[in-house]
Amino acid sequence: MAVKMIRDVIRDTIDEEMARDDSLIMLGEDIVGGNGSAGGPEAIGGIWGTSGGLWAKYGGDRVIDTPISESAIIGAAAGAALTGKRAIAEIMFADFIGVCMDQIWNQVAKFRYMFGGKSRCPIVIRMPYGAGYNAAPQHSQAIHQFVTAMPGLKVVMPSTPADTKGLLTQAIRDDDPVIFLEHKFLYAVKGEVPDGDYTIPFGHARQVTQGDDITILATGMMVGMAETAAKTLAQDGVGCDLLDLRTTSPLDEEAILDSVERTGRLLIVDEAPPRCSLATDLSSLVAHKAFASLKAPIEMVTPPHSPVPFARELESAYLPSPDRIAAAAARLLSYRRG
Amino acid sequence: MAVKMIRDVIRDTIDEEMARDDSLIMLGEDIVGGNGSAGGPEAIGGIWGTSGGLWAKYGGDRVIDTPISESAIIGAAAGAALTGKRAIAEIMFADFIGVCMDQIWNQVAKFRYMFGGKSRCPIVIRMPYGAGYNAAPQHSQAIHQFVTAMPGLKVVMPSTPADTKGLLTQAIRDDDPVIFLEHKFLYAVKGEVPDGDYTIPFGHARQVTQGDDITILATGMMVGMAETAAKTLAQDGVGCDLLDLRTTSPLDEEAILDSVERTGRLLIVDEAPPRCSLATDLSSLVAHKAFASLKAPIEMVTPPHSPVPFARELESAYLPSPDRIAAAAARLLSYRRG
Amino acid sequence: MQLSRDALTRAYRQMKTIRLFEDRLHDEIALGEIAGFTHLYAGQEACAVGVCEHLGPDDYIISTHRGHGHCIAKGCDVEAMMKEIYGSSDGLCKGKGGSMHIADVGVGMLGANGIVGAGAPIAVGAGITAKSNGTVSICFSGDGACNQGTTFEAMNMAVVLKLPVIFVFENNHYSEHTGEAYAVGAESMTTRAAAFGMKAVKANGIDFFDVYQTIGELIEWCKAGNGPASIELDCERFFGHFEGDPQRYRGEGELERIRAERDCLTTFRTKVTEAKLLEGADLDQIDEEVTALIDRAVAQAKTAPRPTPADVTQDVYISY
Amino acid sequence: MQLSRDALTRAYRQMKTIRLFEDRLHDEIALGEIAGFTHLYAGQEACAVGVCEHLGPDDYIISTHRGHGHCIAKGCDVEAMMKEIYGSSDGLCKGKGGSMHIADVGVGMLGANGIVGAGAPIAVGAGITAKSNGTVSICFSGDGACNQGTTFEAMNMAVVLKLPVIFVFENNHYSEHTGEAYAVGAESMTTRAAAFGMKAVKANGIDFFDVYQTIGELIEWCKAGNGPASIELDCERFFGHFEGDPQRYRGEGELERIRAERDCLTTFRTKVTEAKLLEGADLDQIDEEVTALIDRAVAQAKTAPRPTPADVTQDVYISY
């Protein structure tokens, strides 16, 4: 097993899939870089460094730099995918979904349904998301709550290098449209990555820590925070059943319900603001389907109902943290039905 | 009190507020109609008939027909509102939020926050929404789950003619951006409307029916369906505490929690698909804050995780109905902790 | 381009099929038989057919909310279309999409589309495939849609990527109730498209032959690797924007005049019979056959199987 | 337009303030003092100042991700800006927005904007107000932003509504790493803008006087009720796209050449001293004053009060 950073896993996985499947193309802003410049195209591979070298290897007909036109990027990927290609579209920041949501929501997600099951649109929309860089309100958002709410899309949120490989390979080979959410702050995270062909089926959560006292659900950057909290809690003898959901659509309902049936206590950690969020989604699943097992109110650790602020102090107060997670767990454990 | 259809209440309310406040403008596609045609402008007042006659009365500088450019419509309303006007923007179908979401989500909703509290953007974005007309996947959607999730926006969903007047007047006079969601199928609903100046403060649910057995929460077209179900249930001696939320942001948490504390049973009716929805939002609120009062799992009646289908049979199977609501209520009442 | 007798017959049959399809829908909608919003294409037949007569199944088109004509011209099954509009589970899209979403990817028809301007970006993507296949991608669009941001982005992107995409702007002079003269701020949508860096021409959308000839040249030009092109077709829509539209924005006598003087079917008939390319009797024969086809389609659609509640959740995903 | 000594002094001071603000930020960012993404404006000063020297507080501008120059030129408080970039609660936006969102609606500055192309529609709205006030609305935009759908929509809408809006395209030849020659498919963004139906001109963005003169005429023209206009300013950015950009897309020696030959401050100094409008000593004096101002701003910013967690939920709404 090689040890790699997530950003390199992404590049390498795309590379392998491009080599494997001639019909795979990729589009985005500056994914090549240098087109039309004095320096010339140079495959710098985007500002995240997730496509370096691909243009040189696969050429400009398959690795396509675009103008700043996100709707046209998604539409172009979608039109190519409808007509026999597979396509990866990179949206530089997930926050830019605002300028291309129609193509994602009303086009890509609905083609197959509207067309009576007679089309396929194998497209992966890669969207770097999330806070942690003090990138301010328009470059720091979590958007999984929006895309998870959209029927017709699959939504993937890897949190480790190994999962990134397995889930991205799966996403590229999947015949349905997939939103692939890469947490910007995790790009530099390093870890072991299985060699060779490696896929992880969607809808299967990863058990991060095992325990019988509390179920904790998390995705993306929240997984690491929850893991840190779980370690602290373990020192106090509290066993946390921490699940990394990996995909929010499809959702591994079974793993979640099984765990809550065992622990009776649920804590959800989410990077998005609280209203109509994945946190509320998971909470309502359990309040409906595992109600009888619940020994305490469902706790959620999320940012407040506000945009992501810029200043360091504000952003860290905004985000969930291991401390806030541990405190919520403590509340859960001390709860006694009144 | 006059008896009016909701579509006329909207027109008349805008008329009154335009007369009252010179700084109020309105923009949208075909809200005048006939511009640039042989027939000439004629204030047909849009395809919903909600602005008839306003152009003739207030002129083309205040009642502004636009090209098909929803981002520019929202942006123009926003820019005018930032610089001293009040603005109403009409988006012909709420489904078109996909082509203008950035202006709503990253601009309008965040100005005040990003600018450190030093700006105001008094804009009302009117969005006809919802199913019932067999208008197929791209013209039938509920979108309140998206906008309720966005900090910085207020979200209004009136269900009666009187509430439409009170809430729209409030929205126009409000200094924050407001998303005003008009259910297309309710436009022709008639009812009594208070004369004179009439506002309803945001964040106050309307008690539709009173009862001690079940709490039912609903908005928009779902309120009437729930009311029908409540009547059926009343015949069987079941008392429903039916709340019309009126605004989803701000939310009347107090009324919801008070009711559930009394009834111990919660049923939520929502027109949007189930994931990351208002239904899950309300469920999680209660699972967190009124857990100890709950006598049964929380029930939700929503469409399935699918687009809105076209055919009559499909659309009605897709939508919640009084029967499905009554059946869910029956499940709730027969629940015994295992 | 000299057209064979067969080609002329086929073109007329296609146009007539569209006309009678739409005329008949107009009547059926008035009876309350059909649900939803329906936008009729009658009057614009020479545009769809003039373009699509050049295309094979591996060429792509994408359409608009007013899509029936494009679908028929590109070879969608007329009976399956009618069933779709009636919401039958035997419809082309199993009753899920209806009038505004008819599609048949198998014949290169990538869908009518309810979102104005949404087709253009998708046509660019089909253009990527077309470039690799030696085919062409056609984006049908309107005089209203040409003002939508997505259309502009798509035009620029197609130029940048030098794709064989043709933007066909059917200028029927109205977007809903608003006149093109108001909504298109530019001198014309064609001068504006030209300034995007593509070949941009106009043709007479009432005249099948002009459309056919002009678009034929553009297709060749695009297939030769010259990048995208645009064409504006001056045409008329004979019904309201959607069924139910009182059309108060029309000038006095406008509807009567365009129906009398600017009917592409009449124009075609006159041209081919005067030039003795086809006989009036040939055309009458086609008229009869098409009438029978539409009668059959409607009759079948009315009794076709209806979808069931279980169908609602089918076809959301291929696997989930 | 002959500029007074005072006007020249003021223009130079504004440009120099921007330059030193940015140069200093460049250094501070390298020290790791400043969080987030920062896009520096150094090199383009003549654009912002050439435009804004015509404007009063009731004229509006909207800016981009590269907004510091526009903010300073429009009269935002330099110390409050620096505090904002450092994330202080005393910052112009209380530390909520940072570099990419600096705004001061009170002086007619409607915000830097992190979404490329988002400013254009908002500028159209400010144009509605401007039309009713007899003022003007300026949309600063880039050679990359001119390809975004929102920019196109806004241009068409401004033409349709005949609004006093000027689209200022600062063509610094790059959008991030991509050359303008690649991303703008058209002959030029100016010919394209002209085809939207507006007056569209170019000016030399390195030369304050050319910018000042040309935009002055456009502003008059717009205020006279002729509708919108556009201007393309040929200019250079001296730093990377954002701080940290290795700029490998530059040609060999390109950076050295533009810094040596295409510096708007040097150009200005040469012109005014050669024409004996100002003395070198006058300018040196301003340089010193500005240096002191920036020193003070940075020193203050570094010790300014920091926001507290309770601030996170403030200013989301006026009332809720």
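Chains here go by letter, A, B, C and D, matching the order in which they are written, and residues are numbered from 1 within each.
One rule holds in what follows: a contact is a pair of C-beta atoms (placed from the backbone, for glycine too) under 8 Å apart; a residue touches a chain by one contact, two chains touch by 3 or more.
Keep in mind the model is a prediction, meaning the values are calculated, not measured.
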Those chains which touch subunit D and also touch subunit B: A, C
Chain separated most widely from subunit A, comparing mean CA positions: C
Rounded Å distance, subunit C centre to subunit D centre (Cα mean): 45
For subunit A paired with subunit B, centre-to-centre distance based on mean C-alpha positions, whole Å: 30
Centroid distance [mean C-alpha coordinates] between subunit C and subunit A, Å: 40
For subunit A paired with subunit D, centre-to-centre distance based on mean C-alpha positions, whole Å: 35
Interface hub residues of subunit B, defined as touching at least two other chains: 66-67, 69, 71-72, 95-96, 98-99, 102-103, 106, 113-114, 136-138, 151-152, 304-307, 309
Touching two or more other chains - residue numbers and ranges from subunit C: 91, 93, 95-97, 101, 113-115, 118, 147-150, 153, 156-157, 160, 182-185, 316
Category of the chain touch graph - line, ring, star, complete, other: complete
Residues of subunit D touching subunit B in the complex: 60, 62, 84, 91-97, 101, 103-106, 110-111, 113-115, 118, 120-132, 137, 149-150, 153-154, 156-157, 160-161, 314-320
List of subunit C residues in touch with subunit B within their complex: 35-37, 87-89, 91, 93, 95-101, 113-118, 144-145, 147-150, 173-185, 248-252, 254, 306-309, 311-313, 316
Residues of subunit D defined as touching subunit C within the complex: 147-150, 152-153, 155-160, 182-187, 191-192, 194-198
Of all residues in subunit B, those that touch subunit C in their complex: 29-30, 33-40, 42, 44, 47, 65-69, 71-72, 95-96, 98-99, 133-139, 304-307, 309-314, 317-318
Subunit B partner contacts - residues on subunit A that touch it in the complex: 71, 95-99, 101-106, 109-110, 113-114, 136-138, 145-146, 148-149, 151-152, 249, 272-273, 275-281, 283-289, 291-292, 294, 296-300, 304-307, 309, 337-338
